[in-house]
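Listed next: structures, encoded as structure tokens.
There are two complexes below, and they share chain A, which is joined by chain B in the first and by chain C in the second.
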Partner chain A sequence: MSKERHKHILSFSITSLLRRKGKNLSIFLIYTLMVFLLGSVVFFVSAIKREAATTLKGAPDIVVQQIRAGRHDLIPTEYMEKVRTIRGVTKVIPRVWGYYFDGPTQSNYTIIGMDGESYEAFRDRIPFLSPEEAPIGNGKVLIGKGIARSRGLKRGGHFYLLRSDGGLKTFEVSGIFSGRSSLLTHDLIVMSEKDVRELFLIPARYSIDLAVYVRNKEEIETIARKIGEVLPGTRAVIKEQITKSYETVFGWRSGLVFTALLGTVLAFAILSWDKATGLSADERKEIGILKALGWRIEDILEMKFWEGLTISLTAFLAGIILAYIHIFFFGSYLVAPAIKGWSVLYPPFNLNPYMDAGEVFMVFFITVVPYTVATLIPVWRSSTIDPDEVIRGI
Partner chain B sequence: MFMNSSILALVLGGITTLLLLIYGAYFGLKIALQWNPESATEEQLELEKRTYLVSTIVNYVLLFEILSLILFIYTVDDIHEIIPGAMCATGSLNANRFGFPTLLVKLFTFFLYGSWIVLNHIDRKAEDTPLIKTKYLFLLGIIPFAVLENTLMIAYFAKIDPETLVSCCGVVFNPGGKVTSVLSPLPKGEMMGIFFGGFLFLLLLGLAMYWRGGRLIAYLFSASSMAFLVISISSIISFISGYIYQMPTHPCPFDFLQREYHYVGYPLYIALFGGALFGLAVGIVEPFETRYRSLTKAIRDFQKKAVLLSMAGFSVFTSISVWYIMRFILL
Partner chain C sequence: MIELKDVTKVYYKGTPKEVKAVDGISLEIAKGEMVVLKGPSGSGKTTLLTLIGCLSRPTRGRVLVAGKDTSRLQEPFLTFHRRMHVGFVFQQYHLIPDISVYENILLPLYPLDMTSQEMEERVEDALRKLRIKGKEAYRAKDLSGGEQQRVAIARALVTDPEIILADEPTANLDTHLSRDFLKIMDGLKEEGKTIVIASHDPLVYEHKGVDRVIEMRDGRLVGCS
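For the complex of A and B:
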């Protein structure tokens, strides 16, 4: 019997919502918009964090850089022997890489020099890099999607880059990286080490930095300190430091945007308070009649509870679904500029769809709680309307 | 440290709920002081209307409290990534001295709100609402804990220092660790005995309560279910978590809240704390059973329901645990 009662009140609430479409639609739309905005920020940040984490999985445990006059400088390749002798170091790879500013497209490319073994290691450590077994070396290169698009290149196509001394160097595209690793490969050109040296005029005895791999992850910090002792004038950067600063930077940026959006939540709470307070004469009459018919205060409260729940849940679902589509299928146009902002050539990277239950719950918490609190007192007030007052038209 | 969306949500939600509760308690106090069922004045009528407001508020506050508890656990679990040394919520909670107290006070207020709602539910069953003064004074008593809870939580989040190394579950919950010696002082075999023995004892007690009732059994059941809550948490640390992770050396009560373990921690803890709350409720209402004639029947009916719900909650908890143990043994 009591279950039946709840069911009837619920169905009454829904028909009553539908009867006042205009008023409820405006609340619904603004509610949805708010969930959409907050949801977009949250989805975007978590997706980009995951992407960064994937990227960093392949990064070396320690990177050793030469510092001269407080600046990053070329490191003598022979230093690797000294690092290799430190106990616990499994592998040291001298790396040759750099940034190339491309005038015509106004963008920066990342150029990495790799040969057989180091390319294989690179490919193995990074998931969804590229399935292609394309050769590199002798002017043959692999390029990222962004470069392919901006220069209109296809597999087998030719392009040239300016050498550091002003001469031209021609390359042939032997493969294009697939989209799934876009954050990492969008602006990337992988070529042989020899080609990089020719392009940037790096002497054979020097490298850009040394990548150090360590067997036991617990020892990374100790080994980094030892490298500092063995090679004065160098700097050892630990992978974990980079991971942590990514975490902090994105957490901080999203928090900032989130704080800005809290104003929206407040405005929405005020709006819903106002809507719930300003009962029309019709609505007052309806409640009065219901009470005259024998509805108790509890019943009216329950009816209003169902109304609020229906609005909250539908708006929440709609907002979350829209945010999901926005972030993962439409390139996050609305929130990306506020949160991302690092390099120039990064417009259209598609994030890998991912949804964390906890984050969805958090958005639910921050939107539904204010709405409920704002409408609570007005709802109570309307449930205590005296039937005789309303019916007599006072 | 406040620049994290979940933390912002928690702190704002906490403050909103607290303000709402104070607003409700203010009217609660007015009702407790001026309540006079004999009178038919306008003031009395207004007070009667206000009771609906206050109970609606506390119902929502409890709901928000449960949601915020879940969000708190999730957040703490999530921020381990920026705290050095932390691998799960244990490490994050260890980040400063406010972490674990926040969690404990949050759990405590959960039981306080729950008890208030039970009293209110019972009271509304009687025409003369005899518990009206008791429950509104009780509500006033909850306020300090709600204030404490939010202060601790804000202090905790404000004082998290991403530079300080913390010790995580591997250290804290391993034999010889600080927490283990308090929560599970016994070896695994004996702990298992106590857990399953306790569960059977509770079931028998529950059945006795359901069929026979009686003051002593009601109090005993209530006390036992709180004791069983503590035993269960010790057992989670001692052996249940080990079976869930399929790794007996990893006794962490938080890791299984993560995605890798299919979020099994949430149903597990919800069933456990649900069972404990209903168990507690059986004893909370007991003193009023004979004191107020108008309540006797309502209380008896309620106790029967609560006993069943409590046993159901504990059974779900135990079944999930047993399922993991069986899976480990059979596979």
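For the complex of A and C:
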């Protein structure tokens, strides 16, 4: 029978909510906005970190760079042999790549040269690009969506890039990366190693850096140290360092945005708290009447609990859904510029939809729980006083 | 049925606004009796009613209702006692204005673990008894004073309490509606209910169905007829 009582109280709570439409609707809107802002930051940061982690997954364990006069310089490919002799190294690949500033569109492109094995490995990480539609070599290249848009290019189209000696080099677009890989490919041009060497005038026995793969991941640091000993004048950057830099950058930026948001969130929180906790004279009187009619304290608390939970839960769901749509389907317009900042990638910037249950729970915990509790405190205070005093307003 | 022993109620105790609303009252009301508490405004009638109705607790003394010393009861038991034994008709009716007549009458039944069908039967019965059938869908605030009072009585009766307490029930009614109210009370008395009415309306305390009129002034009993 107790189920009946709960059912009736729940039904009365809903009637109660509808009776105070104005107040409840304003609380609902404020809360939805707050959850939307918090959810947007949380979704954006976690999705971008995830994308970065995915990007780094196939990255080499160690990258060896030549340092000259404190700057990154071309590295002789003969160094590969010396690295290969270090126990534990499974593979060493010379990489040719570089940045290209495109004057007309005022944007930077990342150009990577690939051949054979490295192209296979790259294609494995971009599974939505089928090899038949994306051959490279002899001037055929793959380009990111941002480049295609800024230059008005389609598959089969041609474009020119300026070589380092000022001459023009023609390329044909053999494929355009899907928007789903934006973080990795938005500003990217993938071409054959030979084409990169021609474009940047990189001599045959040199590369930009060496990608080193290690059998036992526990030995990465030791091997990196050994590379430094075998090849003085080089710098061995391990994957963990790159991961940490990514995390630091995104962590720092999201922290900054959270801090900037804090003022707004606090203002919303105070307003909502005030709205939620301040019982009007009518509401207090109503509690007194219900008590006079035989309602227990727990009945009144239950009724108010359902009211608070209905508002905060619906606001939470609405805010989370809006944040999800904003981040993953509308290019994160509100938070991306603040968090991304670093980018040479030109917006729009679509992330792969991803939701971390722990983070959603965190947003739930800092919005729904305090609100629901906040609504109960004044109700509990009023309902523990004798009904006569509550009704008379003593 | 109801016994008050040297009951005192002080509001705002220990503050400059302190007021002794009821001062050392002792009183007995038998089962099935209709009693009127008569006296001017501020004489302590309403406070005495709230003490009998367990809506407040005495500062001193004992209130025994249906054999239970309610002044010593803890909150949950006091609520239970109120729910099971007392129906209260407030002076201002204290209906919830934005909900329907039907829902207003339902309110005391919500915490009772009844099925919807049982609740419906009880409300229908109360609507019939108070002759407000056809008004159940109206919002309480859209009713006339007399109709609101009937709803308030229906709400007080819906749990079938043994004791009916009514505070200045005719204060906002014309003579015709006041007589109607008294007829309803007569009917309840015939059913064996104990009725206590606080009123300074001659129409009420001179009503032939009233068994006893207790006069109050400044929180004390000053006469009984």
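Keep this in mind: the second predicted complex is superposed on the first by the 348 of 394 C-alpha atoms of A that agree within 3 Å, B and C clash if a C-alpha of one lies under 4 Å from a C-alpha of the other, contacts with A are read in each partner's own complex, and residues count from 1 in each chain.
The working rule: a residue touches a chain if its C-beta (ideal position, glycine included) is under 8 Å from a C-beta of that chain, and two chains touch if they have at least 3 such contacts.
What you are looking at is a predicted structure, and each value in this text was computed from that prediction instead of being measured.
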Touched partner set for A:Lys285, first chain B, second chain C, both or neither: second
First, second, both or neither for A:Phe329, with chain B first and chain C second: neither
Touching partner for A:Tyr160 - first (chain B), second (chain C), both, neither: neither
First (chain B), second (chain C), both or neither touched by A:Tyr99: neither
Partner touching more residues of chain A, whether chain B or chain C: B
Partner chain in contact with A:Arg19 - chain B first, chain C second, else both or neither: second
Partner chain(s) touched by A:Trp295 [first = chain B, second = chain C, both, neither]: second
Touched partner set for A:Thr384, first chain B, second chain C, both or neither: both
On chain A, positions contacted by chain B and by chain C: 297, 384
Chain B contact footprint on chain A (complex, rising order): 38, 41-42, 45, 243-244, 247-248, 251-252, 254-256, 258-259, 262, 297-298, 301, 356-359, 361-362, 365-366, 369-370, 372-373, 376-377, 379-380, 383-384
Sites on chain A touched by chain C in the complex: 1-2, 4-5, 8-9, 12, 15, 19, 285-286, 289-297, 299, 384, 386-389, 391, 394
Chain B - residues contacting chain A, complex: 2-10, 12-13, 16-17, 20, 49, 52-53, 56-57, 60, 64, 67-68, 70-71, 74-75, 77-78, 81-82, 84, 162, 259, 263
Chain A-touching residues of chain C, taken from the complex the two chains share: 11-12, 47, 50, 53, 55-57, 75-76, 79-80, 82-84, 88, 90, 94, 96, 98-99, 103, 106-116, 119, 155, 159
